[in-house]
Amino acid sequence: MSAPAQPVVELSDAVAVLGGFPVLAGATLTVDSGEIVLLHGPNGAGKTSLLRLCAGLLPLERGEGRVFGLDLTSQQVAIRPRVGLLGHHNGLYRDLTVAQNVRFWGATVGATDAEIDAAMERLGVRGRLADVGVARLSAGQKRRTALACLVARRAELWLLDEPHAGLDAAGRDELDDTLREAAAAGATIVVSSHEHERAAALATRQVGVVGGQVAA
Amino acid sequence: MNRWSIARLVAAKDLRIERRSKVLTNQVIPFAGVTMVIFAFALDAKSARTDDGFVPLLELVAPGLVWLAALFSLLLLVQRAFAIEADDGALDALRVAGVDPVAIFWGKSAALAVQLAVLDMVLLGAAVLLYGADVPAGGLVLLVVTLVVATCGLACVGTLYGGLTAGFSGRETLLPLLVLPVVAPVLIGATRAVESALGTGGVALSEGWPWIGLLTVFAIAFGVGGALAFGPLIDEAT
Amino acid sequence: MTTTTPAPATTPTRTRGTGTTATRLLGIATVVMLGWLVAFGLGFSPADRDQDEAVRIMYVHVPTVWVAYVALGVTALCSALYLFTKKHSLGFDRFAGASAEIAVVFMALTLVSGMLWGKITWGVYWAWDARLTSFALLFISTIGYLAVRSLGGSHQQRAKRSAIVGLLVVLEIPLVHWSVRLWNSLHQEPSVLDTDGDVSIEGLMLFSLFVGVIAFTLLYVWLLLHRTRSMAMADLLDDVGLDQALADRRAEGASS
Amino acid sequence: MIATIIIGMDNAFEILGSYVITFAVIGGFTWRVLRQGRRLADQVDDDQKYWT
């Protein structure tokens, strides 16, 4: 493996604060293009915050951070369209159907109908599920719909927070396949998971997070 | 994707959600209707003396009550418009995706304006039915123009402050505190304009048009100001 | 990358309050001027030809209005300075916040003394006078601004959010004033006087008013300085708490 | 003697009331500002107070 010219994520001594509490206390992390990085660590270690910082949802209080070589604080606007976050929330509109949700997110980047159909196909939400309201979906189906939205809006860096949570065994297998496919197609993935063995098999690298810092 | 088409996309999305969830038709409009009825209880069926002799009090104050009910309903609609974004983290997702905030503002304002316009018409209908207000043919143009311009202004203010308070605890109480003083000019202007359009209490039609100027300036000021302010307000990270 | 709590060799003193020699002198001058204001306003200055004794309320009313507007102006100016300067200095934000707090207090006083004046002059406390009504709406909006300040988040988040809301309040002022003016012109003007309360004032009366404006302006500056310093300390304590929490958080990482 | 003049004047209630309310509120606010400053100053080192 040759080292890529430009790391996708570069955090150096990053501090982020939420409600006066330093959720990140000097995290340093580099993620190269095409990697699938697994974040593991105890609850409250700062995994979610690390993902939210990279997604631009948490301001960088101290330290430095770059995503795609762009500064996290001053060049946020250029970073955002290329990043997708799937957190504890799915970011779906519960009153719309699966297809309407995916279409909406795809349309924000001007995706064609064919691309949107392909995204739904890949996540297995195209046929019968497509016209079901999101409110009536199971947790796993919602997760798949949310991933379809990420695919539809062509995110290059996927930040996934506990994506396995709430999925059944088949759903988890499908998810892993999807992530491998996405990585093969050029996406960079940072994923946090409690499903350690499963995620370890998936990941190209594991990183421990503890006390708001990245373990060496 | 340019700003205009994203705004249209957001507006279409909000209206589609309303069509599927029917919060406006099943909850907000009934609320507005009940408000109109209880106004009548509060004011009683008394008459007031005007230059034209005795006029039922309710007919005299009907335009004001219509807009007052519209303001209260506006608060509900704004809460709803941002609840759908905040419920499952969609607002966060929009921010992560870097969707142009100006487009979000215009899109959500437009969707809110459409819903408000429907509500206004229902309220006017209620005023005609319940309060005995009547709409002369000559005032129809003024009435429609007032309705459109006032609604645009209200929708812009509502979207702006709805976005500001979305996601904070205590937003239900903060929103009225911020919105009501700001929309006072709309309440005043739209009420007087509708009074002229309906000829309430013998107000001449020509007296209504200066108010349209006020309402237009208001709508433009908050349309532009809101578009500028909305992005930085909903985006906490930069 | 270990704990870096700044540990000075000697224990620093914590005795100094928010006052300095300058603010103490300012405070003394304020108290003296306020004393003069009472003496002239209630004692030496004569009753007005038109307003009679009611003019005495003007000696406190006009200075409170003046301070309320100055304070709001400072809030707007500092909000704009915060937003449109590169550095985004929290100093401007604190000036804006402190000034708005003072503005709310003086606006409330303006409304009260205005109503008492109205009771004497118009016979009613509230005459739906254009100036009074738009001032009341502005008062509520300023309270809203303070509520937005207390929403939480980091200092920079608070500063940006409240600066924008501060400027929106300014945008609202002319619209509210215009609409209320136009609305008010439909009603009969209060007949006793011009709504401004402008009367031909001269001599001792003008001097009393002058004393009042000076006294209240000094008071405003004094309050602004003290309040801003308090806010700076509150922000500082938050940051000190953060340093401590950061050290704890890092230790948590090292120990496990 | 000033007191008797004041009490004797027309509308003494409104006039005195406006002075009393104004000065009482200002006094209360000033006291609060000072107390708050004092409380915070006890927790902050002198060399961090930019005005000293």
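By letter and in written order, the chains are A, B, C and D; residue numbering begins at 1 in each of them.
Methods note: a residue touches a chain if its C-beta (ideal position, glycine included) is under 8 Å from a C-beta of that chain, and two chains touch if they have at least 3 such contacts.
Remember, predicted model here, so these are calculated numbers, not experimental data.
Asks: Looking at B-C and C-D, which pair shares more C-beta contacts?
Replies: Looking at contacts between chains, C-D has the larger number.
Asks: Roughly how many whole angstrom separate the Cα centroids of subunit A and subunit D?
Replies: Taking the average C-alpha coordinate of subunit A and of subunit D, the gap between them is 56 Å.
Asks: Quick one: report the Å distance separating subunit B from subunit D, using the average Cα coordinate of each chain.
Replies: Roughly 43 Å separates the two chain centres.
Asks: How many Å are there between the centre of subunit B and the centre of subunit C, using C-alpha atoms for each centre?
Replies: 32
Asks: Between subunit C and subunit D, what is the separation of their C-alpha centroids in Å?
Replies: The separation of the two C-alpha centroids amounts to 14 Å.
Asks: By residue number and range, which residues of subunit C touch two or more other chains?
Replies: Expected reply: 152, 157.
Asks: Mark out which residues of subunit A touch at least two other chains, giving numbers and ranges.
Replies: In subunit A, residues 59 touch at least two other chains, as defined above.
Asks: Hey, what residues on subunit B touch two or more of the other chains?
Replies: Residues 236.
Asks: What chain pairs are in touch here?
Replies: A-B, A-C, B-C, C-D
Asks: Which of the residues in subunit A come into contact with subunit B in the complex?
Replies: Touching subunit B from subunit A are residues 55-59, 73, 76-77, 79-81, 83-85, 87-96, 100, 104-105, 107-110, 133, 149, 153.
Asks: Could you please specify the touching residues of subunit C with respect to subunit B in the complex?
Replies: Contact set of subunit C toward subunit B: 137-138, 140-141, 143-144, 147-148, 151-153, 157, 160-161, 164-165, 167-168, 171-172, 175-176, 178-180, 182-183, 186.
Asks: Considering only the defined contacts, which subunit D positions touch subunit C in the complex?
Replies: 2, 5-6, 9-11, 14-15, 17-19, 21-23, 25-26, 29-30, 33-34, 36-38, 40-52
Asks: Taking the touch rule as given, give the residues of subunit A at its contact with subunit C in the complex, in rising order.
Replies: 13, 15, 17, 19-22, 25-26, 42, 59, 61, 210-213, 215
Asks: For subunit C, which residues count as touching subunit D in their complex?
Replies: 12-20, 34, 38, 41-43, 47, 52-54, 56-57, 60-61, 64, 102, 105, 108-109, 112-113, 116-117, 119-120, 219, 223, 225-227, 229-230, 232-234, 236-237
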